[in-house]
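The structure is given below, and queries will be raised subsequently.
Note that the chains are named A, B and C in the order they appear, and that numbering of residues resets to 1 at the start of each chain.
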Amino acid sequence: MSSLFQTRNLSRSFGGLRAVSDVTIDVPAGCVMGLIGPNGAGKTTLVNLISGALKPSAGEILFKGQRTDGLPAYRIARLGIARTYQIVQPFPKMTALENVAAAAIFAGNAGSLARANRTAEEQLERVGLNGLGSVPAASLSLGQRKRLELAKSLAMKPALLLLDEVNAGLHGSELSEAIALIRDLAKGGLTIIIIEHLMKVVVSLCDEIAVLHQGELIARGPSSVIMNDDRVIEAYLGERYSKQGRTGNALNHAQT
Amino acid sequence: MLFLQNLINGLLLGGLYICIAIGFSLIWGVLNIINLVHGSFIVLGSYLAFYAFALFGISPFIAPIFIMPLMFMVGYALQRGVVNRVMDKPVLITLTLTFGIDLIVNNSLLWAFTANFRRVVFPEPYKTLELAGLIIPTDRVFAMLLALFLTVLFYILLNGSRIGRAIVAVRNDPETAILMGVDVKQIYAITFGIGAAFAGAAGSLLSAVFPISPIVSGLYLGKAFVVCVLGGLGGIGGAVVGGLTLGVIESLAVMVAGPEHTVLVGFLVLLAVLLVKPTGIVGKQGYE
Amino acid sequence: MVRLLRVAIDSVPAHLRVKLAAAIAILILIGLLALPLFLDNYFMRLATTMLMYCVLAWSWNFIGGFIGYPSFGIAAFFGFGAYVGAILLSLKLIPFWLSPIAGGTAALIGAALIGAPILRLRGHYFAVASLGIGEVFREVAMSWTSVTGGGMGINLPPTRPAFLTEQQLFYYAMLALTVVTFAVTLTVARSKLGVAFRCIQQNEQAANMIGINTTLIKVIGFMLSAGFPGAAGALYASWVGYIDPSDVFDILNSIKAPVMVLLGGSGTVLGPAIGAVVYLVFEEVVWRGFLQFHSGILGFIIVALVLFMPSGVTSLFRGKAR
């Protein structure tokens, strides 16, 4: 299987702290990979390294066969990697349409402002925000802003989409709609790496799961295997596992 | 030998620079405001010292005792009345505001005192000591000692008193300070007042050594800028390190290139620091 | 009064608005072209100054209004252009009409070189750095006597135009520069570059993430904010015939530009010009009325503006968003 994206021995330290340590993963095109791990495991740092917000201390990142570690973030965006933020980052005074159009113009190579606006409308509709195009981004609700973030990423015509806790703070119907949307995107062939805490989301969406703990990749494989992996359970529950017993159910319990 | 002489000159000058910069650094560090009125405050202090000496015979080395409370009130009123309204606004607004205020203050000084230079003329001029071949002007020594004394005083005030600790709290984290019951608006005003007071003290010391005129307010402001950027806004340490360093750098520059270029050297240092390590030698706060 | 204007503007159907705006613009241009026929020397000088202020305000608007980086370096490049023009003219190396181009180009290059390093700074530090540049330039001009004449300044050879009076020549030259600056502002505001500017202003990190080369864009904005003042400085030098460091590098010029833009409305297309005109009126009234206090009163005006109207005059016309 052709590998769209890989990291090799990727590391990043902050002073004495190794936030990401020697991570090697391979993401084939079309895969939906879940990235899980307890808080502070290094997931967001890893995503920051991939998107170019941070430079690695060591190791390599390859995208479509090309080295991208060390490239500035804007170049990586133009090459086809888009990401969403845990704490959303819109352009607050611009309307939702303008937000998405901006992404279309620069990373999405829209050509003209008119074409960018058309693309923006398409993406807004895709994420279910049609009709809200002329609302300033700052006035949208959290759920709407999350979807706006997604629309912006899609307008960039990415080959690889990084979703960082895109569902955090969503509940009920908003959550199921979000999950359905991501599933649609995956079916369309988009390669996705998704950081998630909600286990049911991870299990239902992801083909593969990578588990980080204290910066290291401790497990990698299909969902069913990972969910029952002892190391993974221990990483999440630590001492607690002795209270609840070493079963896959304990993991599911802990993460609702 | 020449090197040592210049080094001494630099350190003496540096002491004065510390005093010039402390008030400026305090206001920038705690209120996050670049106070462009600072230079005029210094000049005002100089004039107060001049008249204290001319009318009452009070030495400029003693005058800070009276000048500092006066200037404190001026600063306090200014902050409480005007500057307080722009506390959370971006730097464009605050800088423009203090520039406007400085135009008013400086123009008033020019109108009141004219641009003619004045000097504090001591009946018996301060002697120049000669120690081991080095020339040491005693008036500058006194100025430097007094500057250091005020600095130490300030350090004690900041760390020892409740108000001082409140100021530090506000500098580090205004939101938490509010939660802990600190009246942040009051602290801002007090801090501004203290900044003005130190500017006045610096002006008083400077009047013993240099001629006085409203025209030089920009010069002093420039020095304060450079010292704060060079040393960092981390607190008194920054002003001390920055002041002494600038004094020494300038004296060495005089040795190499002559005295006409000290202002240029100062600003080149400013730019160099900003490009390499904007937070300065000591600076911890990454204040934008 | 404001509401009447709003109603008037809103009543014009959208597709006609552009044509109406263009018609008004042409009328204003014709008026400006014809002005010298009606004004005496004093008002001609005033008009030329007003045009120069428009140029400075629009220039600052690129870096400070659109991008949101508070530059206090307008005077630095104004003075730089002035000196480049003055030196080249006094050495008779170029004809008069080339001096604003030389000044502007020199300023563009200077801004390109200086921009990249200092635009890494934000907020206060960027403001201080931009101020510092002006101070360094001024001190260099003071010290480098062999080239710049030091504190004695430079005397420029008089321009002897063929068909116009000298005053008219400079008026039209400044008008040409103003039209160019306005055209560039208008074009940028509606282009992809303008979108990039706005993105950086609202969220620089997000701008990077959607593929904007923020360093390059910021440098372009900085260059735009320097080139036109550079050309204006060169024109100014020829116009007044004598320049010295404390005149052309006066910090006051670096403050006037943002004040004018604040007055008119930051980040808009027309705001800077409106602010420039209003500011000039204030300045003239104050100058004529209160010679001794004039900088103090200017200070009061600035303070009042900042405290009571920081969004400027055009914020009253909230209908036209950007």
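The rule is simple: contacts are C-beta pairs under 8 Å (C-beta built on N, C-alpha and C of every residue); 3 or more make two chains touch, one makes a residue touch a chain.
Note that the structure is predicted; figures quoted are calculated from it, not measured.
Relative to the centroid of every protein C-alpha atom shown, the closest chain centre, again from C-alpha atoms, is found for C.
Chain centres here are C-alpha means, and the one lying farthest from chain C is A.
Centre-to-centre separation between chain B and chain C, using Cα means, comes to 33 Å.
Centre-to-centre separation of chain A and chain C, using mean CA positions: 45 Å.
The geometric centre of chain A is 51 Å away from that of chain B, both derived from CA atoms. Those residues of chain B whose C-beta lies close enough to touch chain C in the complex are 28, 32, 34, 82, 85-86, 89-93, 95-97, 99-108, 111, 218, 222, 225, 229, 260-261, 263-264, 267-268, 270-271, 274-275, 278, 287-288. By the touch rule above, chain C contacts chain A in their complex via residues 191-192, 195-196, 198-199, 202-203, 205-214.
Residues 51, 53, 72-75, 77-78, 82-83, 89-94, 98, 101-103, 105-108, 113, 152, 156 of chain A touch chain C in their complex. Of all residues in chain C, those touching chain B in their complex are 64, 70, 72, 117-118, 120-125, 127-129, 131-133, 135-136, 139-140, 142-143, 251, 255, 258-259, 262, 292-296, 298-303, 305-307, 310.
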